[in-house]
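I'd like to ask you about the structure that follows.
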Amino acid sequence: MIQEQAQQALSHAVHPGSNVFVRILEWLPLPEWVPGWVITLGGVVIGMSIFLAVMSVLVMFCVWLERKVSGHIQCRTGPMYAGGWHGWAQSIADGVKLLLKEDTIPNEADRTLFWIAPAIVLGSIFGAMVAMPLSYDWWFGRMDLGVFAILALSSTTTIGVVMAGWASNSKWSLYGAMREAAQVVAYEIPLGLSLLAPLFVLGTFSLNEASAMQSGWFGMKWAIFTNPFLIPAFMIYWIAALAETKRAPFDLPEAESELVAGFMTEYSGIRWSFFFFEEYAAMLLMSVLAAFFWFGGFESPLTGALRASGVEETSLLFSVVCFGTVMIKGFVGIFLMMWMRWTLPRVRIDQVMTMGYKYLTPLALFCVLGAACWEALQHLIFS
Amino acid sequence: MELQAIHDTLTAAGVAGLLGCDEPRPSNKKEKDQGRSGLPFLMVDPAGIVPLLTACRDMPLLRFDLLIDLTAADPAADGEDLWVLIQLLSLKHRHRLAIKACLPKSALSMPSATAVYRAADWHERECSEMFGITFEGHPDPRKILLPDDWDGYPLRKDYEFPTEYHGISCE
Amino acid sequence: MSNSTSDQALKAHEPSYSTEERRTLPSGEEEFFFDVKTSDLEVNMGPQHPATHGVMRVLIRCDGELVTGAQAHLGYLHRCAEKIGENVEWLQYLPYTDRYDYLAAMNNNLGYSMAVEALMPGFEVPRRATMLRTICVELNRIASHLVAYGTYGLDIGAITPFLYAFREREWIQSLFEKICGARLTYSYIRIGGVFNDAPPGWLTEVGHFCDVFEEKWKEYRDLLALNHIFIKRTAHVGVIPKDMAIDFGLTGPMLRGSGVDFDLRRDMPYMAYGEAHEAGAFDVPLGEGEKGELGDCWDRFSVRVQEMMESIKLVRWCLEVIEDGPIIGDVPKVLKVPPGEAYVGIENPRGELGHYVHSDGGKIAVRCRVRGPSFTNLSVIEELMVGTLLADSVAIIGSTDIVVGETDR
Amino acid sequence: MVRVNRYFQDIWDTLKSTMIGMRITGKYLLRKPITVQYPDQRLPIPDRYRGIHYLEQEKCIDCLACARACPIDCIEMDAIRHGKELEWVSFTLDYQKCMFCELCVYPCPKDCIHMGTEFALVVEDRSELNYDLLSFKGMAVDARVRMREAEEKKKIKEAAKAAKAAEKAADENDGEKGSGSDGGGEV
């Protein structure tokens, strides 16, 4: 029964669809004499620009949201002036300011590494975001092993951070970098393990397919409702995701009261903003990943209703709804991250390690086992 | 406990170096004495400060656990003495003791109280840089508030203000 | 990364390290050894560092995250307060007292005024002035502890409690602004009494503040003091045993955090505190090692949090007993203080604030010594920080609740 | 067993206290902020605020009491005496030094130096901080308004007083005729 269900789900998940790049090229009225490689190259360039633009806007919205949320939590208002309505243009103004700021590199710094580090950080996180589909029909890079790609690429940022810390030639930066390395390595394990539980339940590594698997029950057959062990698994994932994205209470790499600004102490201007961008992009990515594997991905009663009224999954309306749904879910996650950040104090480095290895890892293993047993039990009963 | 009683207790215990009490007195216009108000002091000999403080700390009747303050004063530019002033406080008996030791400006040196009270450490460092008193046996006789290369002892009355410091004008 | 040259232990250790070594094994093969040369890292925490609460420098020697040595360097904020005291008139020194412990300026005003009053035989402060003094001092104690609460949260990494604390602190400052016109450097309590009488409605507003604060205080406690992460960060950290606290001459919440039951307000009462204590208006909270060991950072923090509530009780008591009357005794405009010396210690939010004043009968003090509680309280950190983690050292500095203006004066 | 207990106790405590904390912060998230948008909205400044001084020049007698009281000697004044009349040369207050302690206000025998509610010392050059307090120069707008209001109030008071005195004088005149009518009837 489960297999039937899966096949049914996959049948509409793996419709031919196409890459956003190719879509654009198909849409452009290109004459026939244009050579193929130009089309490909043009597609890549245009596609990447759109991708970067979309992601940047999302990230900037995250930054603005963070400032508003933190402001209101602290009985303040947050930005109020730039742009008029509740300072909506604050992120843009800040971006312009950071672009125009003097770009300083300390004399004693390793200039090459100092220069490369932010690029690696930003590149890897945006690379990971490529694997994030925007709807059933819209995606930048389709991957059957999307989760792997996201986890692998997003943890590459650590290399950039360590590089930045080392290249800055500042003691505080070095501390920040080393903390980051230790912390991220420690939390990769519970992060991966806790993701294994929904992977068991959904039976796929692809984000599209994972979403499609949760399309039952009028769009509410979310993984977290189908298996009780996914609830603790989600909590573990969430804590590990906070640690992965260096968010409070795990912001040890930049711990401003201990390490001044950690690995980015010596960075300024646009280079610093790359690290900043990375943090918010990673938050978005981790929240969206949680949305895909626990909270139904693109699925919601709205998609259920659309599907029931016979709207094609490839239609524009359906895609827009999918995109909106997943973004709302993602931003709810981001809001939760912010809420936690502005509530909790920071943990100490040894406590971070203890928590990762002694608490989260065994509990995640337990959740995986539990989820698997539950699935097996279900299989035995229903088949 | 009043100062006189403390003095008697210490004398009875055979503590050396007590030079009597300096108590406030009302003004007397006939003898052109302005009087002295405020706080009574136990006058002591600076050389014997360590056994005295030890006795103050350990005697069950006194039990001055806390060294609150250790400082000095330069009563007059042309005077011959600097005063070293120590404030003790007893947590148990809830009384205070003010100790005054007169150090001649010609020989500004006295034993350090750090062995008795560790609280004396920073106070003595401050005192020695501000007044030029050497505390013998101090474990870490560096300057504390002033820069290491500061000349002179600023809280002495005969201190002359420098006109510049490392090329920075102080005018 | 500078190597320490002063550390003998490190020096003695050095020869055993080598960068490259080659040796021939019995089998005739050559073997290379590469050994990483390690040395402790010396880190300057300060003079400009978020955790030092001002311009103070702590030189820390670290082995990885572990602190193996610490040395405090003071004096960056030395403003010659004592020398100034010897050069301005008695009353003119009052604004300067605001500035050493700028978070508790009322307490400084009070300490100095009481020291000078101690030199004036038979002088008595009017009752209403005493009550106004007590109200202001206790409100200021709350304000100061609110900063301690908030900044300690910042040190541990929680930013929001800081802003909540400052929200109430702003209210206290507005109250002070109404009574004396300044928000930080009050110069309100003067020799002989207080500058201004309370404006109409002020005492009612203070009462209203007390009511609101009690509710907010519960939030403070739940949000930070009882947060499990916070407890884990501060309990068992920076433990000061009783005898060590006494040996180092700690006073105030630092001493009480170690379980020593001593408060100048109760045990050596001044102003109306004796009467207040008899009326049961306040208790002295002590560290009990509730969450960790006796005398750890959490205990000191908890003592401060609880003291805020005791101060509220005191203010309430004052509001009950305050009556109309003169607000300042008979003090001439150009004050000549009778010759004499006095040392008066009062309970500042940070501990015993002592003023030693010496008059020769003139308009200007001969010696004006300020015994700042932060100075003594800070001296303990060099010892406490050794053997802790870098993050703990921040927690320890924060738990001493120093004001650098006062350590350096 | 104790350790196992503590293991789970830790997890429970962390979750619980996090929830409590998030409840508190969440509560404030939904409340109205307490801050004001500063340049547009301003909080009321109390009357006793110790801001930039203002001087009632016509009352001042050049007695130097305020200058002497100042701990940092930031008040300087100069006036030429023509019998009872004063010709003011300068009355400057150096706001680079001033610490707004209000000690200059108390010793004034004529009660003519006051502290206003203006606090923004924004200048383009340091020398501009040496304010001249004469003839309202350097005085803030609201201080001027307050002063005028105070003057008007005073005038009304004085008028009332004078009227009363006149009445009294009239009564006295009624009582004992023939005595001089120099009771101060002119307003």
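Chains here go by letter, A, B, C and D, matching the order in which they are written, and residues are numbered from 1 within each.
Please note the rule applied: a contact is a pair of C-beta atoms (placed from the backbone, for glycine too) under 8 Å apart; a residue touches a chain by one contact, two chains touch by 3 or more.
Given the structure is predicted, the values throughout are model-derived calculations rather than measurements.
K.L.:
Could you tell me between which two chains the number of C-beta pairs in contact is largest?
P.N.:
Counting C-beta pairs in contact for each chain pair, the top pair is B-C.
K.L.:
Relative to subunit D, which chain has the most distant C-alpha mean position?
P.N.:
A
K.L.:
Round to the nearest whole Å and give the separation of the Cα centres of subunit C and subunit D.
P.N.:
For subunit C versus subunit D, the centre distance works out to 31 Å.
K.L.:
In angstrom, rounded to a whole number, how far apart do the mean CA points of subunit A and subunit C lie?
P.N.:
Centres of subunit A and subunit C (C-alpha means) sit 44 Å apart.
K.L.:
Any idea how many Å lie between the Cα centroids of subunit B and subunit C?
P.N.:
24
K.L.:
Which residues does subunit C have that touch at least 2 chains other than itself?
P.N.:
Residues 160, 164, 167, 223, 227, 229 of subunit C each touch two or more of the other chains.
K.L.:
At least two other chains touched by the same residue of subunit A: list those residues.
P.N.:
73-76, 342-344
K.L.:
Could you list which residues of subunit D touch at least two other chains?
P.N.:
Subunit D, residues with two or more chain partners: 10, 18, 21, 24-25, 28, 34.
K.L.:
Looking at the complex, which residues from subunit B come into contact with subunit C?
P.N.:
24, 26-27, 34-39, 41, 65-69, 71, 73-76, 85, 87, 89, 91, 94, 96, 98, 117-123, 126, 130, 143-147, 154-155
K.L.:
Under the touch definition given earlier, write down the residues of subunit A that touch subunit D in their complex.
P.N.:
69, 71-77, 80, 339-340, 342-344, 359
K.L.:
Write out the stretch or stretches of subunit C touching subunit B in their complex.
P.N.:
For this pair, the touching residues of subunit C are 74-75, 78, 80, 82-83, 86, 118-121, 246-251, 260, 262, 267-268, 338-343, 345, 352, 354, 356, 358, 360-361, 366-367, 369, 371, 375-376, 378-379, 408-409.
K.L.:
Please name which positions on subunit C make contact with subunit D in the complex.
P.N.:
It comes out as residues 88-89, 91-96, 98, 160, 164, 167, 174, 177-182, 185, 187, 195-196, 199, 219, 222-223, 226-229, 333.
K.L.:
Which of the residues in subunit A come into contact with subunit C in the complex?
P.N.:
Against subunit C, subunit A makes touches at 70, 73-76, 171-172, 175, 248-249, 251-252, 255-260, 342-351.
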